[in-house]
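Below is one structure. I have some questions about it.
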Amino acid sequence: MDAVVVPMEHGLALAAVLFSIGLIGVMVRRNIILILMSVEVMLNACGLAFIVAGAKWGAADGQIMFMLILSIAAAEVVVGLGLLLQVHRRVGSIDIDETSRLRG
Amino acid sequence: MSDQQLLAILPHILLTTVILIQMMVIAFARNLRTTVAISVIALILTGLAFIPVYSLIPIMVTPLIVLDGYAIYYSGLILMSSTAVTLMAYDYFKDRGEKQDEFFMLLLFATLGALILVCSSHFASMILGLELLGVSIYTMISYPHKGLLTLEAALKYLILSGVSSTFILFGAALIYAVGGKLGFAELASVALETRDSGEIFLTAGSALIFAGIMFKLSVTPFHMWTPDVYEGAPAPVTAFVATVSKGAIFAITLRLFTSSNLIEVPSILTGLSVVAILSMLVGNLLALRQDNVKRILAYSSIAHLGYLMVAFIAAGMIGGKVLAIEASSYFLFAYFITTLGAFGVVTIVSLPNTEADAGDISNYEGLFWRRPMLAIMFTLTLLSLAGIPLTVGFIGKFYIFTAGVTTTLWLLLSVVIIGSGIGIFYYLRIIFAMTKRTETDVTKIEIPIAGGWVMASVTAAILFFGIYPTPIVNLINNLVLSIT
Amino acid sequence: MLLIAIISVLIIGGFAAWLAESRNRDWPKWVSLFTILLSSLLVIPLFSLEPITMQLGATTSQWLLVYEVPWIPRFGISFLFALDGLSLLMVALTIFLGLVALASSWNEIDHQPGFFQFNLMWTLAGVTGVFVSLDLFLFFFFWEIMLIPMYFLIAIWGYERKAYASMKFFLFTQISGLFMLLSILALAFAAKAITGNFTFNYFDLVGLNLDPDIAWWLMLGFFIAFVVKLPGFPFHTWLPDAHTQAPTAASVLLAGILLKTGAYGLIRFTVPLFPQAAMEIAQVAMLLGAIGVVYGAVLAFAQDDFKRLVAYSSVSHMGFVLIGIFAWRELTLQGSVMQMVAHGLSTAALFMIAGALQHRLHTRDVSEMGGLWKDMPRMGAIAMFFIIASLGMPGLGNFVGEFLVLLGAFQVNVPITIFASLGLIVAAIYSLIAMQRVFLGTPIANRNLRDFDSREVSTMVLMMLGLVYLGIHPQPVFDMVEPSLNSLYELTGPATEWVGALR
Amino acid sequence: MYDLIWVIPLAPLVSFVILFATQGNLGKTQVAYLGVGSVGLSALIVVAIAYSWLNSGSSEPYTYAVTSWINVAGFNPGISFYLDGLALTMMLVITGVGFLIHLYASLFMEEDGDYSRFFAYMNLFVSAMLILVLADNMLLLYVGWEGVGLCSYLLVGFWYEDPANGAAARKAFIVTRIGDTAMALGLFLLFMHLGTLHIQPMMQAAKQTWATGDTIPTIAALLLLGGAVGKSAQLPLQTWLPDAMAGPTPVSALIHAATMVTAGVYLIARTHELYLLAPLAQSTVAVVGLATLLIAAFTALTQTDIKRILAYSTISQIGYMFLALGVGAWASGIFHLMTHAFFKALLFLAAGAVIYSLHHEHDIFKMGGLRTKLPVAFWSFLIGSAALTALPLTSGFFSKDEILLAAFDVNPWLWAGGLLGAFLTSIYSFRLGFVVFFGQINTEPSAPAGARMAVPLIILCGLSIIGGWFHVPVDAVFPTIVDSHHDQTIAIITPLVPILGVLLAYLLFLRKSLDLSTLLESLVGVQLRKFFFSHWGMDWAYDKIFVVPYTRIARMNQADVVDMAYEGIANITSIFHYLTSFTQTGQLRWYAFTMVGGLIFILAIIVGII
Amino acid sequence: MSVELFLFYLAATVSLVSTILALTRYNATHALIYLIISLLASAIIFYLVGAPFAAVLEVVIYAGAIMVLFVFVVMILNLGARGDDLEHQWLKPGMWLFPGLLCLILFLEMIYVLSGSSQNLAGTVVTPKEVGIKLYGPYVLAVEIASMLLLAGLIGAYHLGRRYLVDSRKES
């Protein structure tokens, strides 16, 4: 079978669109949970891109990179959610704007 | 994996082992002194462990890691900086309640991440190193989490840093898609082969990676987080972020782009030039009338990274590679010790007040008469940041100029001059504040032992290498230039 | 090594003075005095040195002392100290005015005397270094070093607007200095392109065959740095503020020697390194000088602040120096050097008088003065002497300088010289009005003012004698700097080329 | 004997240094001995030198090099003295009259608290003046030239507590400095073309280099003339001299009548060879002289201040000297210089005696009838006025007559103008004499001054009378004029006119038989009087044209307009700071937004869209 | 258009739509569910492009573990009655339509993939074995570093969470 059933460009385009949606989420949402989720979407998009690219070359590197991304996502989320909990305790809200004091 | 290869990563193994040991020790007997002692010993041992490595270089340890002179030089800088931060952090945390031990563990984690970063030769190790560094730093920033500011800083850093990591990842994916290679050295051939077909993916990938890296380096327009994080984070952590984190990331960027020859792409150089100019101008302008010393230092670091970018760009110009790498290595050295000095002073001045760090410039008024030694140290570091002779910062800036002149980057150099001019203004403002005569009774500042030693050695280094830079120059020539 | 010894003595003396403060608040100034006397002792043997001949470009030149040790071999940078007549004269002036500055601040500094003396000594060390460094990197190093202690002197012991003034001083000199650094580096790089090695050695860099366009830009970098320091119009505006706000000793040093470093740099570096390019800008430079002469004088006339007035008069005087250097005839160069020395003495003295007035009256506003001769005849007479010296009275040093400059410049550019000569008139106007407003006129009653004491008088008399000596027997100074100027002059090619190109 | 020439300027200089250094710590007697004695010493040496000079019959100039001074690139003026007939004459006048005035002043100034300072300045002046006339090169001459200007400044403003005196002193200095600067430019020009500033070689070189009527010598001569008119108070720079009367009267006598103001005459005489090469410049000298003498004479007619009348008279008389120089009667000019020194010093000193006795009253209409009260002063005044008016047999007669006749040879109009001037001179000088010494007593004088003031007056009386018989030993210096025989009418009219003037003055001011009040009070008359009184409005015009605009512009620019450029840069930078700070909102979303913006930007550049 | 390709586009559409919906929800829980759907769709794509091991990991770890963390946090925060009330107001049966539809599409895809129609892909599949060999070959250090990364994250979370839990207990 042809190596590229799915055109790589399409796969990457999907990844890019997901990536963009995640980016939009970070820019638009005020809820910290949603922002963290947006970051997850972006990480996932990167994983998707690696997998697609890996598929093109038929090598395992793409998948391995995806796995590494998984661990990164996990680590980030863990700390992020920890912070979120603390923020919620101090401010009583998970609205990022209510948390912002630093400026200028 | 051969014995040699194992020996080559001995420092990393050693550090990892000590972290685990430290974890055990903390679990059984919480004692801040012990923890810190373990940390310091670990850092020193790690540094010593590079000595046997020296005879092996350059050596690849799996495709992911390469140990060469360049890596050793930057590892040395990182370890030096980490040690200093550890000592400063000890002073900072010792009077702030219990359970401060994990901080030092995280510090070692971050150091490990940085060490991995500077010797990585592959996107996988680079990204992991970056994340190891980042994840540890998030917690370090928010470590005292009594006030909201640290949390806010950490949260902002976490989210934005996460976003920037995805930039790098996506960029790497694009580059991978072009050539199917993830090792830096292999990319050079990819870049050559795909000069016609896949260049758009390659350049787009590079652009994404650059954007991500520039965020970590806090280069305009990716600098927005810097002042908030610098202000919110505890002073030693800020020092760590400003030195180890940025230094390691810069080192890996330089390695990535020089060994893959991507830096020689003209459009990349153009993009970098624009960013460098923006950084120098915006960073300095932002600091101009700022009243918070930590924020000033943040903005000044933005500007300094702009200067560093000049050397980076020079590395991409014809005939500029060797000198540019040498220049950036020296500049980073200068920047490291100077920044450590600056935040060391901020740490010491912040000690009496456990609620928030001494940010506002009024905290420093009359320091010259209250604590002359401290004030002189701070003055020296500020002068070093401003690039005035007698200080190591001058030699650093001299190197930047040399690199720029060699590659005839006149526009960038004139911006360096303008930026430095603006820079002098705000550094002098702090110095001037320190010389003010204050009548009001101010909090007594005690110079702690550990921090005092750090400051003394940093000051000595600023002066010594400002007057006699030859040892470092030779070191760089022997170690760093091996990658060219 | 005498030169290193002098600089080291000053540096160490500075530290010693600082440390001495903790023992006794009066000790620092004695330590300083001892330091300066020691360094002046070290200067004396320099006068009797046998000349050494060095290759300088296509010609040779006479040096009294050359000393070189490697410093940063990577870039061919070395500690290259060299001394010729010009340098020696400047060093001697530096040390002498250091003594004057010390005397002027003897009883004036209550706050942190140790640190004050430290800065004073370091300024002297920096300036001395500037005058004897012949490695361009080393030169720049000292060039910047002298700023910092001076900054502290102004910022800590200055008057009401010290923050502004010290900042302005630092910014102007520093930014212009960076341009010079850029030029130095580019020059070293150009040298590398020609000779294959990085070098900052003056002797190697002189006479390089540079591309004219590049040379022009490089020259400009040097030129700007030096002209800002000089200060030449329109880069002079830092000077009135710095002088006005500085404590007396700092004003003395600023006017007396720091400004001279700019002129020295122009003579030593700008023109010899880039003769062709300097020639191209000579007209403009002379014009700037002439404008400075008149503009400074007109502004001096309008000032109400006595120190500011003297500061603007410095702008005016240094304009002559600029003209003299860029006319680049033997006459004008000698005149410029003479003007530098004489201006060093006369303006330093005037600043001392201004400082003394401020100390006694707690104001510098001349509209609150008047008739002070009545209260302080000694000060009045001395002030009169220096005022007329500064307006260029024949028989005193300033006249010799100004006259030679104008005499020589007239042969180079007539209109500019005529314009500059207007300076003689406007100088009279501001000088005399200053005298009138401060010392003459109706005395204000009930002011119990202390006249100059013997310490002040003896310092002043020293400077007066100096000016008279320069005025009636300037030849030793001419002879001293003649070999240096001659060799530089030879280096840039025959004077006719200059004149031919300038017409 | 000639070897002692260096003592001549040095003696007063040493005295100055001592007086200056002691700062009034010496007693008045010591000061007087020192101050007067030093000038006396110089005078003695001068007389001795003059004696041997005249006896030797040789007219060879004598050069004495004291020391080298400057030697740079072929420019080598030394401190060396050049003695010839001209210098000798000048020295005689300076030291002789100077000594008398010093003597006079030792009493006149006795009451003054700053006695020592006064003599210090006076001695410095004498020294500078001697250097001026002895200098063998232009630079040294310039030293003396500026030196006398300085002393003039110091002495006019001697009573410094009155700001008006200060203003007068400044005016004197600055106005002359304008001339000096022109002169300096002349020197530059000469040096540029001739390569030396030594006067004699320079003149030789000038003759060899240039032909008569060349442009360069003309310009140079005109520039030197600029210096001369400044110092000698000639048009257009004469306005300072009347104000300079603010100084003590001996100062006016010495500096502003006898010696310094004639330095311009000396300068032109000294460089006459240059003027011979520049006929245009020489004519200018004549015209300037004539115009000045007339303008000043008209002004003197209307003045009421005794010293101002004398000041205008001085301006006018120097105008004659210029006229003489301008028509090539060099020796006559110098001759008039000498006689003028005698009688004008006499007049000033006499006026000083009057003022002294009347407690510093200056207005002549508040004086009157002093003939009997102050006989010495009266006779002095009478003799002095006679000489000034050039009544026959007085010294002024000989000198002025020569000038007018020489002028006639060149251009009758010059002669006519000069004659008109002479006529006016006689009117104003006798107006002064009659008003002050005749009529009723308006102010009661105190006792006449003592011998130290009387003796100089008497000696000067004698000189004013017999001075005309002296022969100025300058024949060897100047080219001889071909002695032309004048028309008899001219030779008769010339001395007659002043006598007519005296008569008119007699009728107007003493007999008061002629009443011109209707004429004077008419509209034109009043305006004209005002015009003359204000010295033809020149002070007013200068004030409006130069002084006020200069002051205004300077004050307006007090804050330095150039600095505003830098302030502007600083402000713009600050504005940029605030603009950029504005972006630092603290909002995470905005930060992310900028990152994305940056990403797009970088991407666009690197991929090549931009 | 081959079936694989069709499936790919279908999954892509699902993924896109659910992601968009996830990030536009007001309610965190709903958003989470959409996100999980999106991840599942991604998993299908992974499978389609020959990365079955990655597909499994996506479901097990990403959707199964990481997303659960979010769920925990949402539960811990217990955003309370206010949120519930709001939800009551707009959580109408219609609201479930879209998630249900998306789930359906995903489900159908799964059926199709699992029913063996993917045999065509066999040639390009990078098997778990290959991945494993490579992972523990050249990438072994990456595994080690990743472990340290997770440990660092763990310690961070422990530190950050500790105070929160302790303090909350005190408060309640």
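Letters A, B, C, D and E name the chains as they come in the text, with residue numbers starting at 1 for each one.
Keep this in mind: contacts are C-beta pairs under 8 Å (C-beta built on N, C-alpha and C of every residue); 3 or more make two chains touch, one makes a residue touch a chain.
These numbers come from a predicted model, not from an experiment.
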Check: Which other chains touch chain B while also touching chain E?
Finding: A
Next item on the list: Please find the path from chain A to chain C through touching chains that uses the fewest steps, and give that number.
Entry: 2
Next item on the list: Identify the chain pair joined by the greatest number of C-beta pairs in contact.
Entry: A-E
Check: Comparing centres built from CA atoms, which chain ends up most distant from chain A?
Finding: D
Note to self: Centroid from C-alpha atoms only, then distance chain C to chain D, rounded to Å. What do you get?
What the structure shows: 37
Checklist line | Between chain A and chain E, centroid-to-centroid distance (C-alpha), Å | finding: 11
Item checked: Intercentroid distance (Cα basis), chain E paired with chain D, Å -> 105
Notebook entry, point to check: Once you find the CA centre of chain B and the CA centre of chain C, what distance in Å lies between them?
Noted result: 42
Checklist line | Residue numbers of chain D (touch at least two other chains) | finding: 581, 584, 586, 588, 592
Check: Going by the touch rule set out above, which residues of chain A reach two or more other chains?
Finding: 22-23, 26, 28-29, 35-36, 52, 54, 59, 61-62, 64, 68, 72, 75-76, 79, 82-84, 86, 96, 100-104
Next item on the list: Quick one: which residues in chain C touch 2 or more of the other chains?
Entry: none
Next item on the list: Can you identify all of the chain pairs that touch?
Entry: A-B, A-D, A-E, B-C, B-D, B-E, C-D
Next item on the list: Note which residues of chain A are touching chain B in the complex, please.
Entry: 8, 12, 15-16, 19, 22-23, 26, 32, 35-36, 39, 42-43, 45-46, 49-50, 52-54, 56-57, 59, 61-62, 64-65, 68-69, 72, 75-76, 79-80, 82-84, 86-87, 90-91, 96, 99-104
Next item on the list: Within their complex, state which residues of chain B touch chain C.
Entry: 368-369, 372, 383, 386, 388-390, 394, 398, 401-402, 405-406, 413, 416-418, 420-421, 424-425, 428-429, 431-432, 435, 437, 468-470, 473-474, 477
Item checked: Of chain E, residues touching chain B in the complex -> 138-142, 144-146, 148-149, 151-153, 155-156, 158-160, 162-163
Item checked: Sites on chain C touched by chain D in the complex -> 168, 233-234, 236-237, 240, 295, 298-299, 301-304, 329-331, 334, 371, 373-374, 377-378, 381, 384, 388, 393-395, 399-400, 403-404, 406-408, 410-411, 417-418, 421-422, 424-425, 428-429, 432-433, 436, 439-443, 472-475, 478, 482
Note to self: Considering only the defined contacts, which chain C positions touch chain B in the complex?
What the structure shows: 71-75, 111-112, 115, 137, 140-142, 144-145, 147-148, 151-152, 155-156, 163, 166-167, 170-171, 174-175, 178-179, 181-182, 185-186, 189
